[in-house]
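Shared between the two complexes below is chain A, which has chain B as its partner in the first and chain C in the second.
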Partner chain A sequence: MVEKYIPASKKEALEVLSKHDCYIVAGGSDLMVMKKNTAGLAPKFDKDILYTSHIDELKGIYEDEAGVHVKAGTTLDEVLNSKLAPALLKKAVSQVASANIRHFATLVGNLANASPAGDTIVVDFLLDAKVKLESVGGERIVDVENFVLGVRKIDRHPDELITELIFPKLDYSGDMWWKVGSRKADSISKVMVAGYWGIRGKIVEKFALSFGSVSIKAVRSHDIEKEIIGLSVSELKARKNEFIEKYGKIVTPIDDQRSNAEYRHKVAMNIVSEFIDKVVGGK
Partner chain B sequence: MDKFKTSTAKVDFPEKVRGEAKFTDDISFPDMLFAKTVRSTVARGKIKKITLPKMPEGYHWFCADDIKGENVVNIIFSDWPVFAAGRVKFIGESIGIFVGKDKEILDKLASEIKIDYEEETPVYELTESYIHKAFKKGDYEAAKAKAVKVIKHTYETGYQEQAYLENQGIICYFDENDKLTLTGSMQCPFYIKRAVMRSCGLKDDEVRVIQPAVGGAFGGKEHYPSMIGSQVAVAAIALHKPVKMCFERAEDITFTTKRHPSHSEYEALIDQDNNILGLKIRVGLNGGAYKGCSGVVLSRALIASSNAYVFENLDVVGDVYMTNTTPTAAFRGFGSPQTIFAMEMFIHHVAKELGVDPLELRFKYLAKQGDVTANNGHFHDPIVLKELMEKAMKMSDYKRKLKAYSKPGCNKGIGMSIFLHGCGFTGSGESDIIHGKVKLVKDEHDHVYCYAAPVDFGQGNRTTLKKIVSNTLGLPEDQVSFEAPDTDHTPDSGPTAASRTIIIVGFLFEKCAKHLKEIWKSGERQEYVEPYVGPSYIHWDEDTMQGDAYPGYSWGVNIVEVEFNPVTYQVSVLNTWSTYDVGRVVDERIAVGQADGGLLQGLGYGYLEEMKCVDGRMRNRNLSDYIIPTFEDAPHMETAFIDNPFIYGANGAKGMGELTLVGGAPAVALAIENAIGRKISKIPANPEYLMEVMKHEN
Partner chain C sequence: MKINFNMNGKPVEIDVDPSMRFLDVVRDVLHLNGTKEGCGEGSCGACVVLMDGKSVNSCLLPVANAIGHDFVTIEGLKETKEFDILQQAFAEMGGSQCGFCTPGMIIAAYSLLKHNPYPTEAQVREEMSGNLCRCTGYQAIVEAVLKAAKKGAGLW
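Coming up: the complex of A and B.
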């Protein structure tokens, strides 16, 4: 028999977590599917459940010198309608599932479930997002790239609650979001690519790319980015194929019921090519 | 104003909008038990031993040993057992059911049962033909002498899942008179009745079937409910308690019947003036583990294999192959979507190879009234196909766009399919086999009740049939009601299948209403039963496949405009324009509903919907992996109808349920060809396939 906890405040929630290992249910749009049972029977939760969607202090988006903070209970629809949320994040959010799911699914939930096909995780990686975790013992902040460990694996201790996702201020001149799904809505991604760039004079000053649905977790290569940053636009143009090949090595998709490895790889590389064209095109 | 065509409110709107309609899983009885199926985990083998878990009190196991009648599902060819008897032929075949009160305990029992198999090597390739059909027109071999060129191509189509909203489910219980009664998600109440009579060894007056609200069917509920109906009936009779079995989505997608995958080879003989002298057509269908209705699907696939074109010489052969996979069966279109796709692509590919305009080549062979059909029957009725094409081309600005989009690199494309669909049962089946009847009852208040077997699973039968009666009688619509089929009170007007509801049952109601009008006495209870009498000139021999294949034909044209993304190989369907000859429409809004829904399902079949079967297992088990188009994927659609009244139809109406699906796949595939400048020979033309196609130069 599993216990269900409905804490009145964040403090109470942290106290529950200090004593019990729980599933934390915010929107529930992922968990309720994962724990699906035969119609008419209760979902198959095998440990206690902590509900958080009603806790007001866990909701909202605000800005300070560290960047834009999206609190854990904020729904995707609220992100979409926020003036503060990064534009690229909003682009990605607008294509997650369907409008009705976006009204109860949360941005942090998408990250916490750590699906290799989690759309917004790709943007979290690209924008150097930081995860704030709190427990009765204190708080810690982890870089999102280190926070996601693998398929549905994250660096959260059982007594911790994710309370915020923080997007530091980034200055860039152009960005791009590609979600390649099986259809136009209600679609689980086959490939995702997010990217931004910045050009000053004729030098590539900023360059970042991250990928989703092509590995056990979202992928970003700081090494390749370092090689590109500082090149002149014409050098990047000339070395385009070399960099596509390098990205080709870190993108390692699989065959599954939704697509195949070759398609995912080929499309990811086509997008890298498009992206570099755009960067050197100066737009 | 045409009173027939003017749209009326669908009678089922209020109950569905308010959530009041009772679907199978909404229905419950006191003491009702649930059933859970235990399925084969191997694709082919003998069942050596079944070891039951410890059974708690009140829980029961039923299998082949418990069947009192014949252990077969009563389908056209009855080779599929109700419960596997000693051997299994596909992964997911029903071996038995656990029955009891608590679903959780049933799930546990199903996970604990042990079944030992002696496995055999399964067949997955199309190598073992178990149904073979052939027919000829003219003399193909002799025509070869005049040919200067032979063009050959091969086409493939995949599975398609019906993806109805409501999963399969049946409840068997005892009515107020203690009579064995079944209710559930169904298309054909009398099919279930006869299946249960046969499997349970019961007489005609011992089984009753009542139809509740049904959420979609598309052919998927034509035969399969006969199986689950038989299974729950076996348990209900033994326990004398109501038993319900409703499938989960994964169970439904993985183990219930779907559309036959196909492999077709087309060969054309060409003379020195670029005329097509004849076609040689070879069609192979994957029938899965059991034959069921596959023979009829093959028959209809072959009849449609030269589509709306008339050629002098034809040599047509088809086979259905046994594989150790989920059986395939009825699905909107019933064999013709596969061959119409192949024929539409082929005539286009032939034109391209000959360097002639595909449109001109198609015009040259279009069927006309009086022409001899592929099966040496005749197109007896007027044909307005040319008008349909011209109208659709005008609506879509086809010629200009085709030219503009043929420039390399523009990534837009336009494609047109033209097609026909035979309405009603094959040949003279309506008069010779079905013998459909309808009944009208008028009460003392002059309210008229319509009794017939068609199931309204969303397509609008209850509204259209009632409308035919009220218009014929000249009564306000609220003075007529359509009663949901109940085999104790409804005459057997045949199954809800084969695009026959309007052309056959609607026609019967019109005649019945005319007769009732003649004998009408206000204030008196009266009833009239009308039996079907079809066109006397229709003759058909099923064994030789010679004669008139259908009592009548509906016709259509779809034009589809797409945009291709060369980075991701994805296709967006932008616009469609359709014209149809369905005789005369009975209700415009319902007709457009059929047209839009059918076309979207056909488009999905052509460019999106893919089901992969790997080692006998369906890999796409839910609706996030089996991709049907959403509202966002649906294009802007324009539809027009051209009147061509059919003398054996209610107010001239013919069938349209299946017609609207069959043209979607070739039209979207031809549009993609136009956009990418490369040949499509397989559907679904999804991005993974288009990536392969783009690797090759045209």
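Coming up: the complex of A and C.
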């Protein structure tokens, strides 16, 4: 018999998780599809279930020295309407699923689902987001790039609850977000790219790019970014093709029914080219 | 398990498995059959209901998450002036043919107009992209929503 827990406080939830291996259901937009049963019958969960939507402590967005904290129960719609949430994150969120789904699905659920096509994960990677996990034993904070391990694989122990996603303050002068899908909105992504840059004088002071749907998880290369940061705008312009080639090696799409690997690779590289043009053009 | 929430302005208490889909409670337990099941996977919008004033896919909503919230289905919306305006606009513009998607469309339109009373055409298309219609080709629906926005100005 599968037990269902509907705690009203974080403390209660952590106690349940310390004793029982549970599915954690937030909005349910991923899990209810995954566990779908015949109409009229309850979904097929093979383990206990912990519902988090009644935990008030898990709701809301706040800011402190560490950055902007999005608590785990915050819906995509609330992120979209928040004055504190990073603008680039909002751009990505506005393209996730549909308004109906954004009204109850959570940002943290999109991350924890760890789909290679998770739109907001690309921005989490780009903005150096940190994941806060809590258990009865304490808390830990993990860089999002280390937190996502693979397709539907995350660095969470069974007794841990994700409680926050933290976005450190970053200053940059320009940013971009692309989602190339089969329909404008409401499509599971084919290719997503997020990037930002900063120019001071004629020097590229900041440069970051991350990609989604082109590998088993979102990808970002700090090595390539390090090579580019510090170059003059004209050097970056002259070496554009070299960097496109380098990005071409880390972007390794897998074939699936949505779009073949070659097409995705090409789209991603065209976007890198356009991005570098923007950076050197100062637009 | 005993589950409490408000449906169409009235408190409801039912004894069901909290992992059930709210859609099945709406249709099979409360017999509010205006809410439809299309895809059962969150992508067609036939099942949307208002939860605290916002459209949500009841096929994806576990009953556990419904506890304590306020819901309105198309049956409840029918009692409102806003519904009359929406229904008239849909009729005038030809926004409903077979009618299967229409309850969901009206709920989604209501949710949109309550939060954005003066939407642009692009906003209507984007905000209602989670509601599919096999009959009308959408133009008539978008026009109906824009017309309802205008006619109901001040009401939303």
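What we mean here is this: the second predicted complex is superposed on the first by the 283 of 283 C-alpha atoms of A that agree within 3 Å, B and C clash if a C-alpha of one lies under 4 Å from a C-alpha of the other, contacts with A are read in each partner's own complex, and residues count from 1 in each chain.
Following the convention adopted for this analysis, contacts are C-beta pairs under 8 Å (C-beta built on N, C-alpha and C of every residue); 3 or more make two chains touch, one makes a residue touch a chain.
A quick note: this is a predicted structure, and the numbers were derived from the prediction, not measured.
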Which of chain B and chain C A:28 touches, first, second, both or neither: second
First, second, both or neither for A:84, with chain B first and chain C second: neither
Which superposed partner A:261 touches (first chain B, second chain C, both, neither): neither
Chain B versus chain C as contact partner of A:39, first or second or both or neither: both
First (chain B), second (chain C), both or neither touched by A:250: neither
First, second, both or neither for A:233, with chain B first and chain C second: neither
Partner chain(s) touched by A:104 [first = chain B, second = chain C, both, neither]: second
Partner chain in contact with A:271 - chain B first, chain C second, else both or neither: first
Residues of chain A that lie at the interface with chain B and also at the interface with chain C: 39-40, 98, 183-186
Touching residues on chain A, where the partner in the complex is chain B: 38-41, 98, 178, 180, 182-188, 190-191, 257-260, 262-263, 266-267, 270-271, 274
In the complex with chain C, residue positions of chain A that touch it: 2, 4, 6, 25, 27-29, 32-33, 36, 39-40, 42-43, 45, 49, 51, 53-54, 77, 97-101, 103-104, 183-186
For the chain C and chain A complex, residues of the former touching the latter: 1, 17-21, 24, 28, 37, 40-43, 45, 48, 51, 54-57, 59-62, 64-65, 67-68, 108, 111-112, 126-131
In the complex with chain A, residue positions of chain B that touch it: 25, 103-104, 107, 246, 248, 566-570, 572, 608, 612, 619-621, 624-625, 627, 629-633, 687-688, 691
